[in-house]
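Same chain, two partners: subunit A is paired with subunit B first, then with subunit C.
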Partner chain A sequence: MNKKTSLTPYLFLMPALIVIAVFVLYPIGAVVYYSFTQYNIVTPPVWVGLRNYQQLLHDTVFWQALKHSFIYLLVTPILICLSILLAIVVNRKIPGISAFRALYFVPVVSGSIAVGIAWRLMWDRNGLINGLLLSANMIKEPVQWLAEPAYTLPIAMALTVWLGLGYYMMIFLAGLQNIPEELYDAALIDGCNSWQKHWYVSVPGLRPQIAFVAVISSLAALQVFNEIFTLTGGLGGILNSGVTMVFYLWRKAFRLNQAGMASAIAMILLAITLIFSILNMRLLERGTEQE
Partner chain B sequence: MNNDQSLIRDRYVSFLRRLVGNILLYSVLLSVAVITVFPFIWILFTSFKGPNDPIVSIPPQLIPHDPTFANYTRVWSQLPIGHFYLNSIAVSFGIVILNTLFSALAAYPLAKMKFRGREAIFYSLLATFIVPPVLTSIPSFILAVKVFHYYDQLLSVIFPYLTGVINIFLLRQAFKSVPDDLIDAGRIDGANELRIWWSILLPVVRPSLATVAIITFVEQWNNFFWPSLMLHTDEHMTLQVGLVALQGAFLNDARGIAAGVVMTIVPMIIFFVALQRQFIQGLTGAVKG
Partner chain C sequence: MYKKLFALLSILVMASLTLTACGGAATPAPATPEVIEKTVIQTQIVEVTPLPGPNPEAVIQNVEDGAEITLWTFWLSPTFDEYIKSTIARFNEAYPGVTVNWEDHQATFQDDLKNAFAAGNAPDVINLSISEGWVSDYATQGLLLPLDDVVPQDVKDVYFPNLWDQQVVNNAHYQFPWYQGIIVNLVNTKILTDAGLTVDNFPKKIEELPAFCQTIKDKTGTLCDIRLSVNDLLAQMTYEGGVKVISEDGKAFTFDSPEAAAWLQMYVDMVNAGTVDKTALVTDQDRVGLDLFTSGQAAFYNTGPNLIREVRANNPALYGYLGVVPAPVGKSGVVGKGLMALSVKADTKYPNASLALAQFFSNPKSMLEFSKIVAIYPSTPASYDDPFFSMAPVAIEDSAKPYAKDAVSKLADILPTVPHKAEVNEIVLQAVQQALFNGVDPQKALSDAVTQANALLP
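And now, the complex of A and B:
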């Protein structure tokens, strides 16, 4: 490396670093500061110390949001199981299989807003779901699915799973195709049936992909917003039944103009995300060691 | 004789078994396909339903008896859908081009040059990946209103996305796999670093550039959270933000909303069908990193 190039690397890095400094690094610092202030965005922030955090401790909606976000994490194991099963099903060379794979991928590119709004129509009182269930005589009266607090989160989680299934399936499919055929032959010789062979060969072979999907989908689940927003029409569901951490933060910051309080929620979200990422990293390391 | 018979029987049994297996397999494949595709089909048909076609009935009526474009024309006449399209195209393509360039610029020294702070810069960049975008949205909102004064302008939804750590990471991996000899040959020929980057490295890593471009495009076309905070005038909205506005304006008009959903999704589906392989490899290929 000659000495003339000493400034060059920094010049190459500059555009990207400026963007990240302005839109990521500065905001992190600002959020830390705002979280100790009362700030309505219009008048300058006023220092209030730990008051926002203290208020959050006594805020029942915040605790509800926290609980909902943790419940939402259930989409991760569901997605992992379903997409591995689906990957095993589509991992064979039969006519038409690539068309099926492509069909399963369509929700991934369609965007959660358009799909969420489509789902809202489907689950409406006058929607497809009630029509099907009434015709099959499974219900007698149309159900107000989206007005029923108990159903808000499950429907949103189903939407998340439905949106992500094709993507995670493709990741696991790529993983399956890297598992050497001999391992399956050996399993068959050892007397495994075709389900056992997947349990003893495919699942351990997919460990790196499982770890990756666990990281990505749990980070996404902690940050869910679009699904809740579209299904509840931006309101968060009856009795806050769909309010998650990010939704509550959004409402505080951009509906109620409480930027200080919202920043305190953001700090707690960051702490939870950090803890989760560290736990997931451990998993990821263990996953790659095994390979 | 006996052997022949048992051979035929064995073949017959294995043929039957395979047939049953295949029928089972295809019915599983089909039912998953129905679950993934049916909502789209239902929305598509609903968007063509006339006022006399019920949205829901017993038994459900899928195909409109009285098909009409009226829902589409009604939506077009009330909202500037053309603007939504143009804005989405401008924002997505603008970001794809600039983001890919900026990320590729940053990836080169991180992959191929030795300089002070390289590791520190790289790992700090990587660490920002776990910062939730919603966290940065609060100060970014204040910056947009008070410092950049681009609230409700398209620039506000382009600027924050001019680079991405995942893209830098992917391109760094790609540059790393380019042999040093190639770069040294360029240096001996007297090319400066910018020229080496542009005419030697970029052509070699074209598949990775395509991956990055596709990921960024899908992400930006479907981006909602930040644009919904910034864009408030109808004429300035992107498709996703406009669709939510449409949903608000057509609250009790399922046919109109369905038409809006179809108009939002169709361009992406056409794009996906045309570039299917690149899409799937791009979006999932990023994983192998």
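And now, the complex of A and C:
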């Protein structure tokens, strides 16, 4: 192979490599460095070693945020189950089914900030939820849902599920349409009812999609921010009831001007998401090997 | 020969006779001088080309010729594009040769500005919020230009002294006071009427609020839309509760005094009585509280008259029921501090041009022009001499005009310089939430917060 030929592929790769270096590698390197500094963004960083990490270990709000982020991972199995159910429902050849599929996809293309504000109004003291509950005589006076610490996280999680449902439904729908009809016919011959048909054919057939959705939805859940910010009016919920890792990172960096501390949180979050990604990828590989 | 001579003589004689006959007397009489008196009216057009004189608005000397400076404003575009552009055009007449690049930044203003400072390309002239404490925040980090030695005394005297003396850091001034707001309460008179109240019953003092909210809740079921300044609770307890937040020597925090506990207890009582909207009470965003009022779900909201335009635009039906009352006064006796300022970055390449622009935008003429298009109030006493401010108010947006000069002259920043202000405010916020929503005794919550805050001090 002559010199010209050996350089050609690298030249083709160069634009992408430059973009990745500038927008991914350099920022990651900078965050690693800042996590060992005291840095308020406007004045030069000062090296403090491991102090930020040590302070985080004794920070009760950080542990609360970490706990909330792990609780938030519950959206992943909920999303998988609901998306598969929805995909099975819309995987029928009936007139107008395309309209239903499009309708379920609408939240995905809506901006999460706009949807978050709409949800905040819905859960407001004079919002839709209280209106329905009052008219059904289930409550006697309006509840301030978003001002109750116990409800902040569940409402935010419900919003995340609602926002993502259509997207994951499409992935499972594509998977369902790739499962050969003969397998369902065989299941019928073997005496499976409708429920058993999906349990023994559809779900195993969707294993690659389930693994994929598990990876991306769990990563998204660990990085949730918009839903919390819009629903809690920027506070993070009363008594930090809605504070997650990324929200706490934002608060440290942009409200308290502690970019060094925020970088340390980002590093811990990076480690957690890396572990999750590796575990999920292993799961995906195992599923593929078994097939 | 003789014949020819005779003919010639004859001709000469005839000619002389003819000439004599045509002429006057042979011996002319001496001329008599004639005096004629006439009035002559003469119109003369004189074209005068005057030499250029000093522009009265050009009060900063030695502005660098060819300077190119950047101005950042906070949330003024597109509504006030025309005003900003025309003021820059006037500035160019006063200070020819200076190029001004204007940018407006909105929700991300603070992030953009911090990033710009970090990147070394911060704007030369910056619109900073006094009410949010931005001037002192940036000044304490050495990022703003001290004005004391570079601004002539007669220019300093253009502003209300109380406004000029705001956010002083280490005895240095860092801001030209810009447009001001008068804190008022917008009132939904329909809800008040339903509660058997009128605007005259509106509390004059902060401590009257709990009883007022209880009446409104009992009669109408409506909750009060009161918002704590969650980003600066130290300031709020200073103004409302008359709390001294730090010792004179700056070595210990003192916001766990009986005054502070009483201030917090007032809000705890309102939460326990269920008379306030808890979401609005601790929101980070003014818009949440304003939206609640604008949608007709609250009896009143504490804001500036300039935001009446939001009510008019978003709920014209409520606009008809709108009332405006002065904000209740806290135990400090001071209603509030100023609103907006213009500062110059410390390391600007063109300090004089930047000072000139900051001063120009805040001079009496610019301020007056701005006041005419929106309900803001000048930081310059001279602006109030214009008949615009003495005219009787027509629209409800103008209702604060008659007492605006007096109100603006009493605005003051009474919060002392607080070290680690953002962190201490965060500690106070957590303590306040513990008291409001977790049943912790206010005195204990504040004492714990003081212990934490003192640990930040050297």
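FYI, the second predicted complex is superposed on the first by the 274 of 291 C-alpha atoms of A that agree within 3 Å, B and C clash if a C-alpha of one lies under 4 Å from a C-alpha of the other, contacts with A are read in each partner's own complex, and residues count from 1 in each chain.
Just so we're on the same page, a contact is a pair of C-beta atoms (placed from the backbone, for glycine too) under 8 Å apart; a residue touches a chain by one contact, two chains touch by 3 or more.
Everything quoted here is computed from the prediction, not taken from an experiment.
Peer 1: Would subunit B and subunit C fit next to each other on subunit A once aligned, or clash?
Peer 2: Subunit B and subunit C clash in the superposed model.
Peer 1: For A:Q144, is the partner it touches subunit B (first), subunit C (second), both, or none of the two (neither)?
Peer 2: In the superposition, A:Q144 touches subunit C alone.
Peer 1: Answer with first, second, both or neither: which of subunit B and subunit C does A:M157 touch in the superposed model?
Peer 2: neither
Peer 1: Tell me which partner A:I41 touches in the superposition: subunit B (first), subunit C (second), both or neither.
Peer 2: In the superposed model, A:I41 contacts both subunit B and subunit C.
Peer 1: Give the label of whichever partner, subunit B or subunit C, reaches more residues of subunit A.
Peer 2: Touching more residues of subunit A than the other partner does is B.
Peer 1: Touch check for A:N226: first (subunit B), second (subunit C), both, or neither?
Peer 2: So A:N226 only meets subunit B here.
Peer 1: Applying the document's definition of touch, where does A:F254 land relative to subunit B and subunit C: first, second, both, or neither?
Peer 2: both
Peer 1: In the superposed arrangement, does A:L128 touch subunit B (first), subunit C (second), both or neither?
Peer 2: Touch partner of A:L128: subunit B, not subunit C.
Peer 1: With the two complexes superposed on chain A, say which partner A:G166 touches: subunit B (first), subunit C (second), both, or neither.
Peer 2: A:G166: touches subunit B, not subunit C.
Peer 1: Once chain A of both complexes is superposed, is A:I84 in touch with subunit B (first), subunit C (second), both, or neither?
Peer 2: Neither partner.
Peer 1: Answer with first, second, both or neither: which of subunit B and subunit C does A:A30 touch in the superposed model?
Peer 2: first
Peer 1: Stretches 91-99, 253-261 or 289-297 of subunit C: which one clashes with subunit B?
Peer 2: With chain A aligned, subunit C clashes with subunit B through residues 289-297.
Peer 1: For subunit A, give the residues common to its interface with subunit B and its interface with subunit C.
Peer 2: Subunit A residues touching both partners: 41, 124, 126, 233-234, 254.
Peer 1: In their complex, what parts of subunit B are in touch with subunit A?
Peer 2: By the definition above, subunit B touches subunit A via 22, 25, 28-29, 32-33, 35-37, 39-40, 42-43, 46, 55-60, 102-103, 105-106, 108-110, 113-115, 118, 121, 125, 128, 130-143, 145, 159-160, 162-163, 165, 168, 193, 197, 218, 221-222, 224-225, 229, 240, 243-244, 247, 254, 257-258, 260-261, 264-265, 268-269, 271-273, 276, 279-280, 283-284, 287-288.
Peer 1: Report the residues of subunit C in contact with subunit A in the complex, numbered from low to high.
Peer 2: Subunit C reaches subunit A through residues 110-111, 114-115, 117-118, 138, 141-143, 221, 223, 230-231, 277-279, 282-285, 288, 295, 297, 422-423, 426, 430, 433-434, 437-438.
Peer 1: Contact residues on subunit A for subunit B in the complex?
Peer 2: 1, 5-6, 8-10, 12-13, 15-17, 19-20, 22-28, 30-31, 34, 41, 86, 89-90, 92, 94, 97, 100-115, 117-122, 124, 126-128, 130-132, 134-135, 162, 165-167, 170-171, 174, 209, 212, 219, 222-223, 225-226, 229-230, 233-234, 246, 249-250, 253-254, 259, 262-263, 266, 269-270, 273-274, 277
Peer 1: Please output the residues of subunit A touching subunit C within their complex, sorted ascending.
Peer 2: For this pair, the touching residues of subunit A are 40-43, 61, 124-126, 141, 144, 146-147, 149, 232-235, 238-240, 254-258.
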